[in-house]
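One structure coming up, written as structure tokens, with questions to follow.
We just call them A, B, C and D in the order they show up, numbering each chain from 1.
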Amino acid sequence: MIRVTVWVEEQNVAKEAYGKGLAQYLAEALAVEDEVVCTAVYPEGGDMRLSEELLRNTDVLVWWAHCYHDQVPDSLALAIRQEVNAGMGAIFLHSAHPSKPFQALVGTGGALHWRESSDKELLWAVKPEHPILKGVANPLYLAEEETYFEPFDIPTPDELLQIGWFEGGEVFRSSVCYYRGKGRVFYFQPGHETFATYRNEEVLKLLKNAVKWAARRVEYQKPDSVWQEKRSTEIYF
Amino acid sequence: MIRVTVWVEEQNVAKEAYGKGLAQYLAEALAVEDEVVCTAVYPEGGDMRLSEELLRNTDVLVWWAHCYHDQVPDSLALAIRQEVNAGMGAIFLHSAHPSKPFQALVGTGGALHWRESSDKELLWAVKPEHPILKGVANPLYLAEEETYFEPFDIPTPDELLQIGWFEGGEVFRSSVCYYRGKGRVFYFQPGHETFATYRNEEVLKLLKNAVKWAARRVEYQKPDSVWQEKRSTEIYF
Amino acid sequence: MIRVTVWVEEQNVAKEAYGKGLAQYLAEALAVEDEVVCTAVYPEGGDMRLSEELLRNTDVLVWWAHCYHDQVPDSLALAIRQEVNAGMGAIFLHSAHPSKPFQALVGTGGALHWRESSDKELLWAVKPEHPILKGVANPLYLAEEETYFEPFDIPTPDELLQIGWFEGGEVFRSSVCYYRGKGRVFYFQPGHETFATYRNEEVLKLLKNAVKWAARRVEYQKPDSVWQEKRSTEIYF
Amino acid sequence: MIRVTVWVEEQNVAKEAYGKGLAQYLAEALAVEDEVVCTAVYPEGGDMRLSEELLRNTDVLVWWAHCYHDQVPDSLALAIRQEVNAGMGAIFLHSAHPSKPFQALVGTGGALHWRESSDKELLWAVKPEHPILKGVANPLYLAEEETYFEPFDIPTPDELLQIGWFEGGEVFRSSVCYYRGKGRVFYFQPGHETFATYRNEEVLKLLKNAVKWAARRVEYQKPDSVWQEKRSTEIYF
């Protein structure tokens, strides 16, 4: 069983597109019978509703944010980075690119160029054999998306999966993977709040694959124990 | 001084676009006073005019081919791979992607998807700080090019510099770098023979940068001596 | 079922260490009931006993060679590269580093430094979570091996799994992975013919993992069809 | 001119080995006439003596720390990450591997295994052609060092330069490079405070090379301006 926590920065974001809060929508859409169970979370209070306990019981954290990056405490971003280092997966969606937890994990600001638009987008597989792209249409066609384009301030991805083509003439590294400690990180560009991108069947297939790919692969250990320095007294030779 | 050898598979290719043979055109266009000297070569005879002596005196080999890949002997492809391993640079242009020397250097077939077209192309810098892109417009705009698109059967590039956007909806990893032994390899997608792509000032800037980047950095040694196994009798500890 | 073909350059190599030919020994040692079936092959005749038909029916080719690299025809090395590009796995053992098929796949000569020795070796996991290292002791201890050391003329590996430590003061990138087209390539340094390295239980665990990792993941297609250029007439936008 | 700021966590650390504070020693040792000027800094007060103004006037920050990582405010680690993203270089020495600024830049905890020792160490070049290794002995021999060993919890380095061999049987990725935004990051393992490692001529050559490699390559811009999102209204096609 994979326990997914979907965190969206605000209750009402994308309600028009999905008929309900985005976190609820995604939690329902990504749940796969008993195999994947999802919890929808909106921030409230100092821990933004991501208590130590919830993180400890999360195998994949899905993060969508746009307007309120600044309200996330640095300490929470750091706690997330440490949980990922200890084995939790993390999926960052769309405008989460300059979110504090993503920055903490990749080590750059994640800035990009953008244009307000309802451009057609085509996502082309560069690594079609990757498990995240299994069974997903290539190219993946979106009738409308906001335009994000290069340069994108990220480190060279450990794996570049898809490149996005936009009607206005732009390209973007739209699906990228990072390995950080015992955990896995995936960023996926589509998902502007005014479009119902996450209703697209191909996008849902891809995200369900991403949940499986990112899921915790090791038994839970507290970050500060799993990664504490290991002192050896043995001599190997 | 950088000694460039421009090899083009056939005398008459692209003559309409450049008013002269493509090898001559490129040789003249890439020469930079005393700094870069170029030799134009067309194949003839068993060594395709790339004698051991010429290769030994080449700091960067530029390769354009399209219709006659099969006529290049495997032994020449191998000799080129070994010279690159020993320090020679190699620049493969446009339809050289399935050429034997490129395949020998990257280890895959280089196949891609294509569409006969005169599409507009925009090349976007993914690594704008790379020396090959120094001073080059971003995006680099081409009024017409043949359409090449993903998936492109190459190993993950050591450096991905530019992504091409095509009017028909496609994308392509258009500028990629590989390090192979002591030598450097650059592939650049634009340059279909029916368009005068290599007259474009930005393309020329980029290619001149590529020549400098790829140029031999070590004194010449014969491949079979430079890379022969080194047997040691010293014990370090 | 995974069909493994173990090719060893000579019938009598390592007979003292294993009590039988190395190809037979490995074929028996790597077979896992019905899951993995192995064929032992020694070269003879023009195709070195690796006919087109055998390659087509091979999911993983294991290659051990030392003294007779030159006797392998370039055309066979090329055929192997193309089969790997089309999906066959390849595992190169010990002194196969300058073998023609390995060179054709990685694009360099594979030269290294070495010292005739019976050094103790310790192999340290750099990527302990990799499937090839699953359940394998870390460090993996070998009581005696021939000393191979850096620099090792290979492209930056797609994945570096283990680093070897040698008693004489040397280090080596001992386990490295490459992805080439639809196929996977693994190089593993231990296995000098005068030591019974492949009797070591940890080495056998690792090699069995490697067979599973490298095994063909796609239905067989002839290299020249799977990778032929794909011409499109569709316009995506 | 390259302006280097050498920050060491404590005034008295390594005084016995160098006859003066480590920051002063390194500042003097790394200064190269007018080409490189160095400032020695020890923490005091809330900004640990790394004011915004000093960082803005730093082309390369050198960081040595061991016992007081926790005293560095998260906000300072974050500010350093942002300055590196905007172009400042950063060199982390020895026990700086779990320092907050290093973690913020690479995205992992940097934990490793260690043994208190005065082991002989040999550092072997894996990428001998890299500018940081120019003119440096290979292997680089150290008569005594503390033993650090794998696994080392870092992301796959953008460039792996040297592997350390230790007398006790261990190996370590001792010299690694990362690119983060417009800035460059180098980690170098040798330098335990009880040994005079930084008196070693080869180590000094390497560190001077590292200063040149890491130095700011772009004109200074404030991190929050250089990396702010760029909104476009232009349509390219």
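Please note the rule applied: a contact is a pair of C-beta atoms (placed from the backbone, for glycine too) under 8 Å apart; a residue touches a chain by one contact, two chains touch by 3 or more.
Please read these numbers as outputs of a predicted model, since none were measured by experiment.
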*Report which interface contains more C-beta contacts, comparing A-C against A-D.*
A-D
*Counting in whole Å, what is the centre-to-centre distance of chain A and chain C, each centre being its mean C-alpha position?*
36
*Calculate how many whole Å lie between the centre of chain A and the centre of chain D, each centre taken as the average of the chain's C-alpha atoms.*
30
*Name the residues of chain D that each touch 2 or more other chains.*
122, 139, 149, 156, 165, 167, 169-170, 236-237
*Which word fits the touch map of the chains here: line, ring, star, complete or other?*
complete
*asked:* Using the touch definition from the top, list the residues of chain D that touch chain A in their complex.
replied: 74-75, 78, 81-82, 85, 98, 103-109, 111-116, 147, 149, 153, 155-156, 158, 167-170, 178-181, 223, 227-237
*Show which residues of chain D lie in contact with chain B when the two form their complex.*
120, 122, 129, 139, 141, 165, 167, 182, 217, 236-237
*asked:* Applying the document's contact rule, which stretches of chain D touch chain C when the two form their complex?
replied: 122, 124-126, 128, 139, 149-152, 156, 160, 163-165, 169-171, 173
